[in-house]
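In what comes next, subunit A is part of two complexes: it sits with subunit B in the first one and with subunit C in the second one.
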Partner chain A sequence: MKYYDYPKLFVLALPVAIFFVTFFIVPMVQLAIVGASGDSGVSSYFTIVNTPRHFESMLATLLLSIAVTFTALVISTTAGLFLVRNIFPGKEIVLSILTFPLAFPGVVIGFLIIMLAGRQGLIGLVTKALLGEKTVFAYSMLGLFFGYLYFSIPRVILTIMAAAEKLDKSLEEAAKSLGAPPFRIVIDIIIPALKPGLIASGAICFATSMGAFGTAFTLATNIDVLPMTIYTEFTLNANIAGAASLSIVLGLVTWIALFISRSLSGQTIAVSG
Partner chain B sequence: MNKKQIFVIQLIFTLLVCSFLIIPVFLSVLAGITQNFFVGIKSGFTLRWVFEVLDLYSGTIYLSLMIAIACLIATLVIGIPAAYVLARIGGRISRFIEETIILPVAVPGLAIALALIIIYGGFRDFRSSWYFILVGHILFTLPFMVRSVLAVLSSTNFKELEEGAASLGASFWTRFFTIVLPNSKPGILAGSLMVFTLSIGEFNLTWMLHTPVTKTLPVGLADSYASMRLEVASAYTLIFFIMIIPLLLGMQILSREKN
Partner chain C sequence: MQKDTTSIELISCGKTFKDGTRALEKINLNINGGETIVLLGPSGCGKTTLLRIIAGLEEPDEGGKIIFNKENVTDLQIEKRNVGMVFQSYALFPNMNVKENIGYGLKVRKLDKNKIDDRVSEMLEMMHINDLSLRRIDQLSGGQRQRVALARAIAVRPRVLLLDEPLTALDAILRDRLRVEIDSLLRSLGITAIYVTHDQSEAMALGDRIVVMSDGKISQIGTPRDIYYHPQNEFVADFIGTVNRILGSDIKKLDSLEGKELLFRPEDIEIVEKKYSHLTGVVKASFFLGEKTRLIVNYNAGEQLSLEGRYKKEYVIGSEIHLRFNVDSLIILPN
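Right after this comes the complex of A and B.
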C-alpha cells in the first residue's frame, strides 16, 4: 500500500509546504539578505561586536538571561522536588498556581510586575509603611529580572517534576545508609540524575529570556535589552538592515539553545515572553 | 534538623514561590474592580472600569477571537495532514521537516515579524488587513498542532490499522477519515486548545504586524498599560484572564487525563 500512497501524501503535505515556504522560508532568507545590505555589507553581522551600543545591549541581555536561568533552576528544583516527594492538603492548588502562568503573554507579566513593584505596587506600599520610603524597581533591570523569572518558573518546574518522578530513590537510601550527609546526596545523586532535565529546561528558560519582547516592552522602555534594541533600530532609527542583522543573530542564539533543549527532552515550549 | 522541620521549610519556600506568582494576579483583579486603587478597597468596588474597557476596547476582543478561530481552523486544515504525513514517512527526513516547522517557535517573534514586514509590507491591502496578523499567528501556533497530533499518532498503531483496512479495500481517503482522524483525536484536542490560547495571547509578532485598525487584545493591553489609569489597565487584564483561564483549565485537565 505504501507506494501507491505517495502521491496522496504529497497532496496532504502541499498546503503546509506552500504556506511555510511563502511566509517563513522566503521572508527569513530575505531578512538575512537585508541584514547584509547595510553600508558595511556582510560585516554588519558583526555590528553586535563593533557597535558599542549593540554590544552592551547583547551583553546585558546575556547576563540577565543567565542570571534568570540559574535563579529559576534553583527555585524550581527546590520546589519541584518537594512537590514530587510530599503529599499535603492543597497540593493540587499549589501545582495549578505554579503552572498557570505558562500561557500568560509577556505584556501581561510586565503589568503584573508593575502591580508588584511599580509606583502604586504592593512592595512600594509595604516599604513605605515599614521604612517610610517607597521602593520601586519595576522599571529597572531588577524589574525585568523578576518578570523573566515569573514566566521561567512554570516552564522549568514542569520539566523538573517530570524528571524528579523518575529518580531512583534506592540510590539515595544507599548513600544515606553509608553515612552521606544531605548536601552530598544532593550534589552526587540528585543533581546528576536531574541533569538532562536541568539542561533542557535551563536552555528553554535562557532562550525565552533572550527573546522576550512583551515584558521588556511594558517595563523597560529605556533599558537596552536586545529585543528592545532591535525594535528601536527598526521603528525609531529606521535602520532596517541593522534590525535585520541583529534579529538574525538573536534568532540563531535562541534556536541553538532550544535545539539543545529539544534534543534532550523532546518538548516544545513557546518562546513568548 | 529533623524531617518535620525540613518539610516545613520546603513548604514555606514553595508557598512563597506560589505567592510571587499569584499575588500580582490578585492585585490586578482587585485594582480592576476598585473605585480608586490608590485610596484602596475602602473606596468601594465598582464595575465602572470594566464597562469603560468594554466601551473602549471591545473591538480588540472581537478581533482577537476572530483571529484565534481562523488560526485554529487553518492549523487544523494544514497541520493535521502535515502531522500524518510526518508520521507516515518517519525517519530522518521526517525529523528534519519537523525541526523546520518548529523554527517559528524557536526564533523570536520580533525577527519573524520583521521578515514578514520586509517582504510583504509593500502589499498595502494585505498589510493593513487582519490576515497579515493571522499569517503570523498560524506560523507561530502550527508547530504545536503538528507536534501534538504527531505525538499521539506515533504512540498508536495506526499503520497496522490502516494496513488492515487497506487489505479489506478501504481507499486512502476512507482510511484517513475513519482511522487516522479518530485515532489522533486526543492530540487534535490538546493542540486546538494550545493554538487557541496562544493566538489569543500572542503579542511579540502581533505588536509589529498590527495597524491602528487591526488591534488585537494584547496590543490593546499594551496600549492601556502605557496610557490608561491603573484601574482601566487592570480591568482590561481582568477581562483577558476571564477569557484565558477556562482554556488553561482545559489544558490542565487534558494533561492530567493523559497521565
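Right after this comes the complex of A and C.
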C-alpha cells in the first residue's frame, strides 16, 4: 500500500481504540494515580524494594511462578508428545479429562490440595501409617506449587499438543539417519520445533501463576505471594495506595517477563486464560 | 572416492502395518555394491516402504532379513546402519543454517571441529553451494535445498545412499538439471544408491537397474533397456513409455503371428507405401511436438494406435495411412 486511506483507517481503528482506552488506559492511569496518592507519594512504588515483607513476597511469587512454569513445561511436553504419537484405548477420554481442571476456580484447586496434603489429607494418612508421622505440606510453598501446577498443566498441554501435531516426522528420521541418538533428537530437533509453543504456553502459565489468587487465598496461611499481599494491604490494612502500587509493580514485572519471552521467540504470543 | 562398496541383500522382506494394511509382499532382492537401483512404481506400490525397510525406518515382518555386505543389519536401528537418506520434503533442520545442517551427522559422531569444517567445505564445494553456507534454510530455493540435503546425506560417508523421490517437489527444468547432477554425483562417488521415484524418465536416466513395483510386489527387475524393450508383463509394458496393442490377426502378411496379442512402441512402426504395408488406418489426430510428431490412427473401425516419428510431411486428419511394423521390435508377452 503506497498511501493510507486515513479516514477509513480511523473508522476501522475506532473500536479497538475505544476498548483500549476504556479498559486499559483509564483504569491503569487511575491505578497508577491511586498508587502515588498515599502518604509516601510516588515513593510508595519503591516499597517493593524498601519493605522487606513486600520484597520477599515479590521474590517468592517470582520464584514460585518460574518453578511452576518450568515443571509444567517439562511434564506437559513429555505427556503431550506421548498423547500425540500414541494411539491407545480410551485416549479420547484421557484427552477430555485433561482439560477438566480448566473449569475449576482457584478455591476448588486449593481445596483439592488440602484434601491431598492437608492435615486430614491422603498423603498425611499414608505417611502416618507407614512412617508414624504425618506429612503435611498443603499450606506451604510446596502446596501452592502443586496447586498452581495442577491448573497450569491443562493450559500448557493443549498448546504443546497442537504444536506437536505439526512436527515434521521426516526431520527426526533425517536426524536418525545421520546417526543422532534419541536424546540428541529431543535437543536438536523436537525442542527447537516446539519452541514457539513452549514459549507461548510458558508465558501463559507464568502470567497465570503470578496473578493467581483463589488457590493462594485457600492455602497461603503462612506464606505471602504478591496477590495475597495486595489483598491484605487493601482489605485489612486499608492501604489502598500501597495495594495499587503493588498491583502496578506485579503487572509490570509480569509484562517484562512476557516481553522478554516474546522477543526470544520472535513470535506473537497470545496471552489468555 | 569410495572403493569399498556395500552390497545389499533383502531376503523375504514383507511389511504389514499395524492396522492390517499389507504394504509389501515378501520380496527378495540383490543389489550389487556401487550399483544405482531405482524403485519405480505408482503411488501405493510399496516402493517407499521397501526403501524405509532398507533404511531401518521400518522393520520387515517376521522372517525378513536385510544383509549389508554379509552383515545382518535387520535388528540394527537406522542410526547404527550408516545410511545416507534424502527425503522428498528435504527434511532440512530449520533451526540450523546450511553449514550446520551439512555438519550435523559429523557433529553427532563427535568428530573434531576442524575435521567437520574441512568436510563441510568439501561438500559445499562438491554441490556448488559455497556461497550459501551461512544461509538459513528458509532463504533457499527448492533446488538449493535439495543440494544441501544431498550434501548432508553424503557428508557422513554412508555405506548406502537412499533417495526418496528427491526431485518430485521441483519444477521440470530444475528437475532435469538436478537429475544430471545426481547422476554424475552417484557415478563419481561409486556408492550403492537406491532411488525411489514414480517418474519413469527419471528411472530410465538414473538407474543401472530398475525394479518396477506394483501392489507390493516386484513386477520386473532389469536394465532400463530390458524394461523398455522386453517388458515381462502387461503392467510393466503399460507403466513404462507408451505401448500399442494389436492382435496378430489384424496384421496382413505376418501369418505367423496369428492369434497372438502383440505390443509395440509408437516409434517402432513406419509409414510406408500401400504395397509394403502391414496395416491401413485413418489419421484421427496429429500432434506436432517439435522433435517428433505423434499421430493417433484408427484402424479396424474403432481400434486405435499411437505412432511417433520425425515426419516431415503433415498428415491431414481423416487421410488414409499405410503402416509397416519393425517385426523385430514387436513384443510378445510371456503368458
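Annotations for the structure displayed:
Everything below uses one rule, namely that the second predicted complex is superposed on the first by the 224 of 273 C-alpha atoms of A that agree within 3 Å, B and C clash if a C-alpha of one lies under 4 Å from a C-alpha of the other, contacts with A are read in each partner's own complex, and residues count from 1 in each chain.
As a convention for this text, a contact is a pair of C-beta atoms (placed from the backbone, for glycine too) under 8 Å apart; a residue touches a chain by one contact, two chains touch by 3 or more.
Remember, predicted model here, so these are calculated numbers, not experimental data.
In the overlay built on the shared chain, the residue A:Met115 is in contact with subunit B alone; subunit C does not reach it. Once chain A of one complex is fitted onto chain A of the other, the partner contacts of A:Ala193 are limited to subunit C, with no touch recorded for subunit B.
Contact with subunit B, but none with subunit C, is seen for A:Phe234 once the two complexes are overlaid on the shared chain. After overlaying the two complexes on the shared chain, residue contacts for A:Leu171 are found with subunit C alone; subunit B is out of touch.
When subunit A is checked against subunit B and against subunit C, the one touching more of its residues turns out to be B.
Judged by the touch definition given at the top, the superposed model places A:Ser96 against subunit B, while subunit C stays out of reach.
Once chain A of one complex is fitted onto chain A of the other, the partner contacts of A:Ala180 are limited to subunit C, with no touch recorded for subunit B. By the touch criterion defined above, A:Ser247 reaches subunit B but does not reach subunit C.
Residue ranges on subunit A touching subunit C, taken from their complex, read 168, 170-171, 173-181, 184, 188-189, 192-193, 195. The touching residues of subunit C, counted against subunit A in their complex, run 55, 57, 77-80, 82-85, 87, 89, 91-96, 104-105, 108-109, 152-153, 156, 162. Remark: subunit B residues 7, 10-11, 13-15, 17-18, 20-25, 27-28, 31, 37-38, 77-79, 81-82, 84-85, 88-89, 99-112, 114-116, 118-120, 135, 138-140, 142-144, 147, 162-163, 166, 172-173, 176, 197-198, 201-204, 207-208, 218, 221-222, 225-226, 230, 233-234, 237, 240, 244-245, 247-248, 251-252 touch subunit A in the complex. Chain contact summary for the complex, subunit A toward subunit B: residues 1, 4-5, 8-9, 12-13, 15-16, 19-20, 23-24, 26-28, 30-31, 34, 75, 78-79, 82-83, 86, 88, 94, 96-108, 110-116, 120-122, 149-150, 153-154, 207, 210-211, 213-214, 217-218, 227, 230-231, 234, 240, 243-244, 247-248, 250-251, 254-255, 258-259, 262, 268, 270-273.
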